[in-house]
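Given below, in the form of structure tokens, are the structures.
One chain, chain A, links the two complexes that follow: it is found with chain B in the first and with chain C in the second.
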Partner chain A sequence: MGVVGLSVPRVDGPAKVGGMACYVDDLVFPGMLHARTVRTSVPRGRLSGIRLDFDPAGFTVVDWRDIPGRNCTLHLTDDQPCLVQEDIRHVAEPVLLLAHEDRDTLWSACVQLMEERGEPVLDPAAASHDHAHVLISDGDVERGLRASDLVVEGEYRTGAQEHVYIEPNGIVAVPEANGGVTIHGSLQCPYYVHHALVNLLGLPGELVRVVPSENGGGFGGKEDYPSVIAGHAALLALKAKRPVKLVYDRAEDMLATTKRHPSVVRHRTGVMKDGRLVAMVIDVVLDGGAYVTLSPVVLSRACLHAQGAYRCPNVRINGRAAMTNTPPNGAFRGFGAPQTQFAMEVHMDRIAEALAMDPAKLRLRNVLRAGDRTATGQVLSDSTAEIVLREAMKRSGWRRKRVAWKGTNRGIGLALFRHGAGFTGSGEVRLASRCTLTTTERGVRIRVANTEIGQGTCTALSQIVADALDVPMDEVTFSVPDTADVPNSGPTVASRTVMVVGGILERAATAMREQLGTLSPAEHFARHGETNVTREHEPPPGLHWDDQTYRGDAYGTYGWGCDVAEVEYDPVTYAARAVKLTAVQEFGRPVNPVLARGQIEGGSAQGVGWALIEEVVMKDGAMTNAQLTNYAIPTTLDMPRVETVMVENPYPHGPFGAKGLGELPMNGPGPAIVNALRHVGLDLRQLPATPERVMEAARGRA
Partner chain B sequence: MRTALSRLTLHEPRTLAAALKLMRRAGPLVPVAGCTDVYVQLQFGTQPALAYVDLSRLSPLRKIRRQGDVLVIGALATFTDLICSRLVRKSLPMLVAASREIGGPQIQHRGTIGGNIANGSPAGDSLPVFAVAEAVVVLANADGERRVPFSAFYTGYRRSVLQSDELIVAVEIPAVEGAQWFRKVGTRAAQAISKVVMAAVRSPHPRIALGSVAPTVVRLPQTEATLASGAGIAEAQRVLKEEIRPIDDLRSTAAYRLQVSANLLEAFWETTA
Partner chain C sequence: MAARKRTPPLVEMTVNGEAVTVDRAPMVRLLDVLREDLHLTGTKEGCGEGECGACTVLLDGEPVCSCLVPLAQARGREVVTIEGVPADHPLKRAFVEEGGAQCGMCTPGMIMAALSLPARPSLDAVRAGLAGNLCRCTGYEAIYRAVQKAASERIGGAE
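Here is the complex of A and B:
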């Protein structure tokens, strides 16, 4: 009997519960120094000098002149300097690095930066430079708008969001005798760090080794920024010729590292009296911050999800990621899709209001079904949008509550959404991920570059390999994703690990089973020694994508979800409390139902926080509430009861029918909660719906 | 005590007399008990003091007792002590309500009433209760004790009449006549700093105090007088809005604080009618 589909206990559980798991701050190397980053304090300007007001004995000091390769942290492009030379583009930009044996001495060292202040751009709408543009066009929107009975317009905004992983960012760099460097740290994508360091240090690839330590949470926040910290730690370690530990505290992590992109999305929608959508014009503006980092791909995913779960013959989606003088915004669970689907879903409720139609009925009329086309011309071979919508209505008692609660301080709202699994467009083909299985004395070893960041990767992938190889799960081990040992199976992002990496592993395991015949991996190892089987990503047949025209199959497949939120509104404090969330989600087939439920509940919690509580307060380009006392995230008392429903629809090109799941649940709670507030009579079009904003809306309460 | 690993000095007196002697001779010292504020300040680098005196061994200061009509709460009583105390539950239920909203259980187990008063945050959740209860703060130094009405204790933002050689040893609370009411409005359902916090007493002369709307906790004498005069709640709300001048900060807005304060007044008046 197999283990896929069973809630086997987490492989990494005992070490974490028992306190044996080693996180980056637990690592100690002989002769290790502690490090600190000196940062800018103005959002834009010029650095005219640096004064060191301390005794330099025992200190290692690094500035841009110490960089042996190119002074940039390479992500998609090379515009972001590793250390400021002269041009300052945001607050908390790294300028100088210090290392010392003693932490107190290190932090008491006084450094003066001479900064000449320039005029910052803080409003993305007023930005004169964009990091990226996207245009998706289908049909003729002008004709569509003219032909419609009614045109509904609206503008929707979402704020930045901090990841609040339990473990802040941190890296230890160890110089090697061969002139190279080994990086240990809390990160999601070892090969991204490797790529950035080879460029920064001017070293051949084999002299840079990246070994992820245990990871206390990422949510996208450790996708690109660890390359910055690893660069800093490596520069210090190579100069000092000693290991260097650079671990951020919470305040520095919140001030300096990435956030979810704030968004402004405008909709203009032509609709017929019976509710049919005829034309959609959507303008998407994301606040990219000071450097490109990942903004082009976040914008791409944002735009590709902007039409939501609905068919429409005439669509134009115009997106831009604006450059502003704030720390760069980056990857965060959902990657742009929650922002645009918030706008779409709140707009749908406003259209329903304009048509005096039930919001669920409006959605049923327009929902993308199998055989329908998206705005990029992708024909959906299957879609469970209607199934999840009907299931959510039934489970939540939608019709009854919608009528019974009218005119009270209780409200019920829903949001229908999708999430493309894996990299966008031709991304997975370009990545050409490779995975290896290796026989060992006691079974088989999985060698992939994907990291366990709390989501259950090492458990789920072990389940897939155990079943495909037909061995008991305890014969499967998951290797540390050390770049000196594992092939590049791509980054741990984009809800791709189970579906894409798991798919490659399934094929590798099937091939290994053929090679082993009737032997177990351990028996084969005993007779023939180590055997390796490596397989590369093969895209599902028939997928086409054109990056230039934005036409084709944007994703191999989509997960679908419908969230129904029930809220209670307190007219004394203007606080909206989420009481219950019915989360109906389809992501193929769960490999491990308990872990899948954890993803849905956790993603929903992050969505509830984004919807109601979490507000990044920016002042002059800097986060002023960069501490957990004033950046509030939900406690158990803020969380609604979550009823999770997993609709199964096995995906033929995923391992054992699985699709990606991690990001899908982030899309629903925001719009569902705001739509529930609309049911109460409160017109909100912005997240977070803090009591302060609800108070404004209450002045116009119907 | 001074350890090889720390630059900080910690005195650990075993009696109040010893503590007061240290305060006078070894000062300036920062008194600590639960440390729930001091640890945060040390972590943020906003606590410059290098020398501390630990009061947590002075168990007599933890007692909660009655002296005639007066409830005497030792400065070292923790919020958990207050929540569990029959005396407090019976005579000062609004203090129990406030204690339940301070931090989470861990903070409630460690945090003390003396610390909450000494820290002097305008958002301190127990402070409006002491304001409307017309408590008296008992201060001691090596020479003896003095009693300061709570209303005269604070002199400005995080400033008080407490002298550098003095310790808060107790709070005396005379009997409170009338229905007591407390409500905290934080940034989330629990473990939050107040955006507005109100304690109030319904009696022929109503008493109302607000936190987080001024540099210190404040009583609202004009609003109280309006209610006492028999004017309607709408008129009292109007007076309240002129009586306080809250500010915008990173937790909320002046407009919100003003409106919610007025709403709380109405909620108090309706629920205690």
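Here is the complex of A and C:
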């Protein structure tokens, strides 16, 4: 027996294909009100008054004075108000909340905000305040640059990206008889919402309950923002003493919620004629938006991945997340690493060009191998960078196409990348995640706070528990991650669910097996009643990290990938089209190959969109194309065919050899596609490569 | 003669094979009638502007975005939603087995659109036929595999 490694059909599949899965907008409670958020229209300024031009009968109205606890949406810090009191820092900042039982009446209510406009900061380069800084220094870069044969410089830019989960954000808040509140909604991290609400509402923890509903896609977009919406819905529900549904429509979701951080990355690299990298100076600027939210940790991951998949004795990485007057940017699959590895990978192709060397050969000369050190001083216990690179070259017919297509309108380009799995540095130790297994009359149930957001959490974790406990899969159930029932096993982010949470569950199941002896969980339950086994995260032995100096083991392990993109360029329309993507990725071992392949194909699609068509157009601090009509994501006709290759390299400290996977595939397509366009003779250094940008590049086409 | 104030006429239609009568304004979206009046919440709203296809249903056998169809246009016609597709339909099974559903939000609409494909669709036909349905999770490859697997099963079973 054994189900790990098999493509067990996803356990939530039948409900989803049948239309029975219950998402937040499908929830109805007796007496439920609909709600709406009134938002600012200026990017910076002062709120001097609010005028309600409607008959208030039947309405519940909430402003900052109705907040019983502290007026902030607490996350890493407390700088973001839940509702604007006076100071306006971005467009679409929430000011006032309305609820009414009739949706048409609700939306016909007219509210006027008196806003005094201030001077916004919209260019991160000109920002006077930063949310965070990171400095990573190794060796002596000045000496390294002097000793080099050649110094190559470049600046690379990426734009914001909208998550476009197909289900917009939404929350239903239900007031409870005990004075507390229960939150149902589309969210990734129930305990983040719990933490924020306890602070906002001034309630003891046991009076706040968070019950995730079915999640119609997250990708990081439902990591921190649901705390904002849950706060709003809870304030209304507690004031109205009735359930309140606050579901955004697509336009509001795109206008108000988080995006991938836009980036500007500058490289100055010293290199020898034979291709050896001697020194790297990397400056990273992320546009954080108006409040801190997650920017410090996004910046951290961005900087820790900025040197890409290459060894170099002298490295200095200097990063800052600038404060600007736009809605806060936040978590999006990859979490900063796609931005900095885009810069590194496009820069590598420019170095190869400067040396008249094949880009793959340059990479092979510098690739991080087991035993090599990264810029934080981490000695890699394993690396499959060279293996995935060689496999991708072989699978894609790299050498032949690289020669045959030269001078044509077809191009082939590659990108080599990595992704650290789990929280950065000491993050997992600080989280101290806990997981519980509980026997039931039918078997065992998994109690963790991690959410099924489409990636396959409930299936993959059930497979791990089934094998570690040596029971059939159908004896394992996955409980709703209701904060009233499950321990805090940390957020569903950072490619950590299978590797970290799955690892804790594996140990819990092994311990439970010892406790049960030869009995099945159901037999044990029948004789002894319910039995619980809880285990806490234990870091792999020998890991060290220093937050102050940014030295040590930034991640327990890395996944590695190499993407090869094949593009066609139309010199009449300037459209660049991706026709094939070969995605070779190593993430330990797949727990469920169909699900893993889905992560690679889906992550690659988001990378293709980011590379070619997804452009957030900002004007005066607001997204002007906040509709799916003019913010396009890839359709079936935009997507290249994706050939997926999973390279196995079991990780000794992951459950059944698994590492994290979810974010890794996001890192490759952007640079691979732009490098393929370079092969066509188009010098692009910015994403997305829209026809307008390609046209600019075509003016200088070699 | 001044028009008398009239209540809107009841709308009769067939939904998933059953005759239903709906007492709503004629310009109400079919999507809202399905979800709120008939409690058929398997049909999803992703954008409300006909771009994402999550609300796809069959209207007289043709896939339409129910967010763009006013109730009046459904009068006397036949509507099929995901709830009207048998649980053991090869498409539903194949979507589960091949990973065609991840978060599941696009899935009902995607399956409704896939029902309108030719019996033995080429890959190009699948891509063209599903181009109006956005999926943010899968990158579509698993959906192609599911649709083609279901097509081969259906044909295998029929012949």
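Simple rule for what comes next: the second predicted complex is superposed on the first by the 702 of 702 C-alpha atoms of A that agree within 3 Å, B and C clash if a C-alpha of one lies under 4 Å from a C-alpha of the other, contacts with A are read in each partner's own complex, and residues count from 1 in each chain.
Criterion: a residue touches a chain if its C-beta (ideal position, glycine included) is under 8 Å from a C-beta of that chain, and two chains touch if they have at least 3 such contacts.
Quantities reported herein were computed from a predicted structural model and do not represent experimental measurements.
Visitor: By the touch definition at the top of the document, which applies to A:T635: first (chain B), second (chain C), both, or neither?
Guide: The answer is both, since A:T635 touches chain B and chain C.
Visitor: For A:A57, decide between first (touching chain B), second (touching chain C), both and neither.
Guide: In the superposition, A:A57 touches no partner, neither chain B nor chain C.
Visitor: Once the two complexes are aligned on chain A, which partner has more residues of chain A within touching range, chain B or chain C?
Guide: Residues of chain A touched, chain B against chain C: more for C.
Visitor: Does chain B (first) or chain C (second) touch A:Q627, or do both, or does neither?
Guide: Both: A:Q627 reaches chain B and chain C.
Visitor: Go through the superposed model and pick first if A:G454 touches only chain B, second if only chain C, both, or neither.
Guide: In the superposition, A:G454 contacts chain C only.
Visitor: In the overlay, answer first, second, both or neither for which of chain B and chain C A:R577 touches.
Guide: Only chain B is touched by A:R577; chain C is not.
Visitor: Would you check which partner chain A:E601 touches, where first means chain B only, second means chain C only, and both and neither mean what they say?
Guide: So A:E601 only meets chain C here.
Visitor: Do chain B and chain C touch any of the same residues on chain A, and if so, which?
Guide: 249, 627, 629, 633-635, 637
Visitor: What residues of chain A sit close enough to touch chain C in their complex?
Guide: Residues of chain A touching chain C: 7, 9-10, 12-23, 25-26, 163-168, 214-219, 249-250, 453-456, 594-595, 597-598, 601-606, 627-629, 633-637, 639, 641-642, 644.
Visitor: Give every residue of chain A touching chain B within the complex, in rising order.
Guide: The touching residues are 104, 249, 251, 571-575, 577, 613, 617, 624-625, 627, 629-630, 632-635, 637-638, 691-692, 695.
Visitor: Under the touch definition given earlier, write down the residues of chain C that touch chain A in their complex.
Guide: 35, 40-49, 51-52, 54, 81-83, 87, 91-92, 95-99, 101-108, 111, 126-128, 130-143
Visitor: Going by the contact rule set out above, which residues of chain B touch chain A in the complex?
Guide: Residues in contact with chain A: 7, 40, 43-44, 185, 187-193, 195, 250-253, 255-256, 259-260, 263-264, 266-267.
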